[in-house]
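Below you'll find a set of structures to go through.
Two complexes, one shared chain (subunit A), two partners (subunit B, subunit C).
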Partner chain A sequence: MMAIKKVVIVPCSGVGKPFGTITREAAYQVTEDDRPEDTRIIPLSLLVLGDEEAQAALVGAEVISIDGCALICATKMVQESGGKVSRSFNSMEIYRANRDLKPKGIAELNEAGLELANKLAKQVDQTVDELTGKAEENA
Partner chain B sequence: MSDNFQFTIDKFTFKVRTDRFYTEEGLWVLEHDGSLLVGLSDYLQQYSGDIAFVDTLPVGTRLSSGDTLFTIETIKVSADLHTPVDGVITAVNPDMVTAPEKVNSQPYEEGWVCELNPENWESIRHNLMSPEAYFEKIQSDAAKELENDGN
Partner chain C sequence: MPELAQMKVGIISCSGEELPEGTVSRLAALKVLEELRPGETVTICLPLFLAGGEGDRAFAKFYPTIAIDGCDKRCAYRATEKYSNTPAAGIVVSNLIKEQGLQEPTGCRRLDQNGLALVDVIAEQAAEKVDALLGKPWSRRQGQFIPSADAPEEKPEPIQATCSCGSGIPIQKLLVDDQEMTFVALPLIFQEFIDNGKSPTEATLEELMSAVRLYNPIAPQLEAATTAAIDEAYRSFWNNERGQNG
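The block that comes next holds the complex of A and B.
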């Protein structure tokens, strides 16, 4: 029986602004806490380096990119590495929908930033469930 | 199709549309049919970073030169931007609510912010910067920024 590939999550690797950190916090929550059986994280930096194992993980997999700004490096790098982005998210969008949550901090997010990351993770969880056919199971 | 002045410094390329005027703080002002369209220059939008919100005033608001025209919140800054003319706001780009990222992606076209009916345009237009003058200013500003980053 052929093994089903885990959904690959590729977050932003940017430094210097909280919006990049939010994408990584969300990705950690999804892959380590919420959906560890169904997902794995691939660091954007490995794709930039052309790491063959990271590139191979994209082939035939459902990939969710989580970008932290308009440059959408995560989405672009997945595509340039031969992967197909099934769904892309952007932490700016989650902030636009929750303006009362003003994120601050880079290495360590403030409470508002963590809450945004949690809200983003829940959206990613839902997409993972849709991609794996477990939407009803996890509802 | 409009022409641009442009220059590249470090990894950034900045464009200045040649068909409009500019304010010191980096707004562009385009006259058409007696009204003024206003938006952010390419330099200002790149310098400010990704736009999260643009807060505008209601149509019909009367402003004096120097009053806050709208406020931007980006991933880096929150900033008030000011009207260079006396006048009344006659339109606000609805995309500023639903898709403010157009300020970043299309600053001179669909990313316009608002329209003014000016009261003193003929007298004030000479106080605005020509594209040539603004181009010179931002080249100088960008060079200083790069120098400061290197120190």
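The block that comes next holds the complex of A and C.
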């Protein structure tokens, strides 16, 4: 029986705005805390460089991209690297739905930023469950 | 032809999420940008070299850059070199750990004490490189340092519009043949011409176009329309500046 690939999470690696850090934090929450058995991170920098191992990890895998701005680098890089984005998220959309939470800090997010990251991670968790067929199990 | 003055050093981090060293590189870059040399440094997100536009890809030609990488794959250095220009300097966290016998960090998401100490070491080293690079004249035309004998006199340069990632490269959009086109460094070029008292004449336009072509490839079929758009934009810029300065 063929091994099922883990769902690949590709967050934005933005260093200029808190929205980039929110994607990173959400990706860590999903892959380290919430769904470690079913997910793994692929660093965007490896895809930018064209790293063959990173590209191979995308092939045939369900990929979730998490972007931090309108330029959607993570989504574009997955597509350019031969991967298929199963679902894309954007931390700016989470903020638009929760405007009372104003994120600050890039190196270290404030409480509002961490809360946004948590909300984003929960949405990603749900998508992971749908993709792995574990939606009922984790409900 | 203007030689646009250097004003800042670009810091590019790998930010690799899979290794603690990637987090070290990211936090060290941010420490330089936010605390150690905030007035002298700018950054750009690495993937913008591919996902962004011409302005983003011009980054390492426009600024001498320092690439901070977590491991010896050197994604930041090599991707910058491949898509923009060869970095002026590079730091590899994992190499530095070996060379200096430092403790290895743990925790990609939250660095341990070793990792935090490394951030300080790397950031200090990068800040020293920033100081060293700022002491040398940089040619944005060539994307390399100018030999000291040929260095132009330094001129203060205002920070103008930034691209969407905050890299600090001034760009300007013009309508060329009914299409919006982005011109890298155009505000700086205009300012340089204004500072040199070059009024909008035929000769100035020819000189302007030579400067514009250095940073912006222009398709032959758009040459005439681009020249007309630059002419109009410079006349407007000139009139505004003259109006403001009496």
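Here is the rule we go by: the second predicted complex is superposed on the first by the 139 of 139 C-alpha atoms of A that agree within 3 Å, B and C clash if a C-alpha of one lies under 4 Å from a C-alpha of the other, contacts with A are read in each partner's own complex, and residues count from 1 in each chain.
The definition used in the following text is that contacts are C-beta pairs under 8 Å (C-beta built on N, C-alpha and C of every residue); 3 or more make two chains touch, one makes a residue touch a chain.
Keep in mind that what you see is a predicted model, and the values were worked out from it rather than measured.
When both complexes are superposed on subunit A, subunit B and subunit C end up clashing with one another. In the superposed model, A:Glu32 lies in contact with subunit C only, and not with subunit B.
By the document's definition of touching, neither partner reaches A:Ala112: not subunit B, not subunit C. Of the two partner chains, both subunit B and subunit C are touched by A:Cys69. Of the two partner chains placed by superposition, only subunit B is touched by A:Met92; subunit C is not.
Using the contact criterion defined above for the overlaid structures, shared-chain residue A:Lys17 touches subunit B and also reaches subunit C. Once the two structures are superposed, subunit B and subunit C can be ranked by residues of subunit A touched, with C on top. Stretch 168-176 is the one of subunit C that runs into subunit B, the other listed stretches 132-140, 168-176 or 204-212 having no clashing C-alpha atoms. In the superposition on chain A, the residues of subunit A contacting both subunit B and subunit C are 17, 69-70.
Remark: subunit A residues 11-17, 20, 24-25, 27-28, 32, 41-49, 51, 69-74, 76-77, 80, 106-107 touch subunit C in the complex. Listing the residues of subunit C that touch subunit A in their complex gives 13-18, 22, 26-27, 29-31, 33-34, 43-52, 73, 75-76, 78-79, 82, 108-109, 164-167. Those residues of subunit A that touch subunit B in the shared complex are 17, 19, 69-70, 92, 95-96, 99.
Taken together, the subunit B residues at the contact with subunit A in this complex read 49-50, 52-53, 75-76, 100-101, 104-105.
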